[in-house]
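Right after this note come the structures.
Next come two complexes built around chain A: one with chain B, the other with chain C.
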Partner chain A sequence: MFDFKGFSMQWYRELFHDTRMLIIVLNTIIVALLSALFSTIFGMLGALAIYNAKKRQTKNMLLSLNNVLIVSPDVIIGASFLILFTIAGVKLGFYSVLLSHIAFSIPIVVLMVLPKLMEMSPSLIDAARDLGANSWDVLTKVIIPFISPGIFAGFFMALTYSLDDFSVTFFVTGNGFSTLSVEIYSLARRGISLNINALSALLFLVTLLLVVIYHFITLRNNKASGLGVQKR
Partner chain B sequence: MNVASIIQFKNVTKRFGNNPPVLDNVSFTLERGKFYTLLGPSGCGKTTILRLIAGFTEPSEGEIWFNGQKINHLPANKRQVNTVFQDYALFPHLNVFENVAFGLRIKKVKKTEIEAKVKQALSFVNLDGYEYREIREMSGGQRQRVAIARAIVNKPEMILLDEPLSALDLKLRTEMQYELRELQRRLGITFVFVTHDQEEALAMSDEIFVINNGKIQQSGTPTDIYDEPINRFVADFIGESNIVEGKMVEDYLVEFVGKKFECDDKGFNANEPVEIVIRPEDLEITTPELGRLQVRVDSQLFRGVHYEICCYDKDDNEWLVHSTKKAKVGKEIGLSFDREAIHVMRLGETEEEFDRRLETYADKGDSAQWKVN
Partner chain C sequence: MKKLLQFFLTIVIVSAALLMVNANLNSSQGYSGGNTLTVYNWGDYIDPDLIKKFEKETGIKVIYETFDSNEAMMTKIEQGGTNYDIAIPSDYTIVKMVKKGLLVPLDHSKLPNLVHIDQRFMDLSFDPGNKYSMPYFWGTAGIVYNPKMLGGKKITSWNDLWDPDLKNQILLVDSAREVIGMGLNSLGYSLNDTNKQHLLAAKKKLDSLMPNVKAIVGDEIKILLANEEAAVGFTWSGEASETISNNEDLDYVVPKEGSNVWFDNMVIPKTVKNIGGAHKFINFMLDPKNAAKNAEYVGYSTPNKKALSYMPKDVVKDKRFYPAPELTDKLEVYEDLGKKNIAYFNELFLEFKMHQD
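This part shows the complex of A and B:
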């Protein structure tokens, strides 16, 4: 291939002049942020619903449904979404990608939040109500602060899953809309360009950054779980 | 409903599913500004009573009244009651100050006022200067005091405490017993305290409710309950007792272990079978000739303040003696006791019947030491 002659910023410069590439990067980031945001909200609500389910049966059923989504292969999820969107008549593009990313991230968020909820002593909720809190206060002042490490972790997991998803996006994208992983795939098929190497290097740095942030969140997480409430 | 009463249970029954009731037709009245204790073995329904008062659960049958108002369906956040939970239930994401301030913030009290009130509540429980500590940096006893401060800062009409001292060591526990009692006197708030430690109950309460199997067995002042237990369960649960079977020959004369003794009880049928309670500390060791009972010393334990001596009489009844004097294991000794030490219990008598019988004594004024409530 190429002989290594030294470091060069040339390909990076080229990359940044490639507006099409920049738009794709932007798309990828927007999809990742939005899908992480929405899946965190829905995932949290889902975890609360599972936590509050009165009957053990309902609880187990909801949990199994959640796990089905996690264990099924990406290709199957992607194909299913494609079929669904075609039947429902959703135009393939930004929204189809966003919706499918939200959908496959929700179970991940649920799995991150639920253990935190289970860890919470139910008497904390009683205590808040005892001190005059209504249901909204209980949710915002007690439950959400308590499970916030799980929520953050879920958000970042969703973010990384969305950023590096290829197979699902590959199925449901269309009309010129593309994300990084799909774009890299098609570039690589067309033949090697050093643009890709520069892009991959950047991608690597961003992912590394996310991992570091995630690490610090889990650190905080562990610290938080050793707190005050004694369980019997 | 009189002015002094703050909470009243009227025939309250609590059932979970199709199981037998956890509380079975319970009725009682609590007066304002007193220290009450619910005492009973594990699983008898103490926490359930507190949860009914606090509003975390609703009665299956019966009514709960608070300040002359029926509150069966009033949600917990609308009740003038605060709880100190068995596990403290402090909010781990808030520091000491914010934990205590939680109720005030919900009520949207002014900031400066919150500051002053929280400081005052913390100094009530001797935690000045701990405001900005995290909960995880507090010891068990300190956490418990934070939980108490969090309850009292709201100035509720009633505070419910669910075995708040059970996690503490003996010394801290005794200290906290004094502090709690003192606090209750200073604040004048009604306290309902749950424990399964009978010594704690005797030391702290204005009135004790002894509960078993979801029923109130007996209620009264600590001395009432200790001196006049109504049945075998209460006698056994409150302090150590020697309980033997006997029969009431006539008024003021009871027969047990084959001998007749004079006593202070009356109002029984002739030759009615009864149970006799004699507290171990009322028995005194003498020589066999001087003793009213002759027993053989079986074993002896040193308990610090006294020796606990276990003896058997010739009918194999066990007699527990608390004595500051040592006895010799295997030796024959005599036990003497006063006529007041004998307490006669009618079999299967309910609290109302018991009270009625006591009243007949008082009417005739011939038994001064009976206290009637």
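This part shows the complex of A and C:
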């Protein structure tokens, strides 16, 4: 829609003077990081609970409850949260957004961790027990190291889900708190300014940088650990 | 396990650092502390300098929040859990909000600047006596067209759209009220007409427009017209001025048979916390100088008569966006026709969309 006239840094400068937009960007990142963190912890515990469930029926029930949040549409989840928060008297804002993001990320983490648990040979645990490990040792020294790739994957899935979620967030923001997706959407009526283009360019560069760094870290780790023998 | 803990710890530290930066930014804006006013407005619909000026003059810090549709805004206010002090809904939404008891009546004695508003825009059907609302911006619905693509041909009325030369050139908006209203207007009926005969006649007339219609679209109409994908499009004056600034060849016209006139209005929702501050804000925005500055930034038409004298002559004299009283008399506000009639409008519009010769 805009005619290209030449290169300039004008919109980047304007972006950094727009404190409101910067606050919103920070909000978005903070919510993404924290919700991913909490949902990873809870999701991991949830996966362990499902794995350890004795009865087959309980296991299936827990798993289908977990899937309910995955199959229900975002808009429904968002509207339900809005109703829940207003009934419970939770003020819409940072905490309502954080809580709802944690809630919709947990099932994703569970689904990322569970296959890893299923993959693990039960004799591994038997061996650990046999060699004198108590339950805590089994959990921290055998199970978690084994499933940690799943945990990391879950964390990053939760992070991306939270970063790009619009529909749930849309319902539960309020009182001056907003995230990037909601803010950009509300600019639609008057046309989106080039600030947003500048911001998108920056975000893209940052993500690209993170991916490159991640690539080098894994490269180094692979070298260090030699022939697939896990070091602790 | 150690690696995992380290990783989680890093995340916690990073988010704590970000939270601190954020809190710093927030307090530098003065958002923490009690004396605040939350304004709920359309995105980018106010001059940010005016917010700064208001903060300086009154010492009240403004929290600015945005919405993208009247319906979304109403839901947020209806649900509660928020404390908006000012909201800016469009005309038909005000009727709904009053019905649901979502608005607080205005205290006119605290709004001395309301004398500057043009009498034409006061006491309208959606809010008799301006009990709940003050006009913020107004505009019309009309036709944007590209004279260059039409070989210099001019469009002045709705009926010009039925010209066979315009084959496959017209873009319409995907909205029942607007399109059926166009049909009603072209036959000389009122936009709020609910007479079935008149409506059927309008629908029939619209069906004969179909060969000229290129597409029925949404917001992208602006881009399509600016890029000369089509020569003629139905749109609102605010969007028209934006489209014209992107493509100087385009022109905007309010059809002479009459058309829709719309208002965005300042109201105080029932979620208000700072009612004194809210009145101060409305009065501040009604100040002619401020209204003029705001109109220049946003580019929509201001209902403030005195403000016009502070604005560039060529803007105020532009009959396309500040139509003369003779024409505004023919313009109508959409009235709430009730569920049944609206459903009938939608049904007719659906039939029109599916119509094929």
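As a convention for this text, the second predicted complex is superposed on the first by the 201 of 232 C-alpha atoms of A that agree within 3 Å, B and C clash if a C-alpha of one lies under 4 Å from a C-alpha of the other, contacts with A are read in each partner's own complex, and residues count from 1 in each chain.
Just so it is clear, a contact is a pair of C-beta atoms (placed from the backbone, for glycine too) under 8 Å apart; a residue touches a chain by one contact, two chains touch by 3 or more.
If you're wondering where the values come from, they're calculated on a predicted model, not measured in any experiment.
Check the residue A:Thr19 against both partner chains and state whether it touches chain B (first), chain C (second), both, or neither.
second
Thinking of the overlay built on chain A, is A:Pro145 touched by chain B (first), by chain C (second), by both, or by neither?
So A:Pro145 meets both chain B and chain C here.
Touch test for A:Val90: chain B only (first), chain C only (second), both, or neither?
It touches chain C, and chain B stays clear.
Under the stated touch criterion, which partner chain does A:Leu37 make contact with: chain B (first), chain C (second), both, or neither?
Only chain C; A:Leu37 stays clear of chain B.
Going by the contact rule set out at the top, does A:Leu163 touch chain B (first), chain C (second), both, or neither?
In the superposition, A:Leu163 contacts neither chain B nor chain C.
Who does A:Leu114 touch here: chain B (first), chain C (second), both, or neither?
It touches nothing on chain B or chain C.
Residues of chain A touched: more by chain B or chain C?
C
Based on the A-chain superposition described above, do chain B and chain C contact any of the same residues on chain A, and if so which?
Correct list for chain A: 141, 145, 148, 232.
Contact residues on chain B for chain A in the complex?
Answer in residue numbers: 54-56, 75-78, 81-83, 85-94, 102-103, 106-107, 134-136, 138, 140, 143, 150, 154, 167.
Show which residues of chain A lie in contact with chain C when the two form their complex.
1-2, 19-20, 22-23, 26-27, 29-30, 33-34, 36-37, 40-41, 82-83, 85-86, 90-92, 96, 140-141, 144-145, 148, 151-152, 170, 174-176, 178, 183, 185-191, 193, 232
Please give the residue numbers of chain A that touch chain B in the complex, ascending.
121, 123-124, 126-134, 137, 141-142, 145-146, 148, 224, 226-232
Show which residues of chain C lie in contact with chain A when the two form their complex.
That would be residues 1-4, 7-8, 11-12, 14-15, 18-19, 21-22, 25-26, 28-29, 31, 38, 42-45, 63-68, 72, 76, 79-83, 219, 222-223, 226, 242, 246, 298 of chain C.
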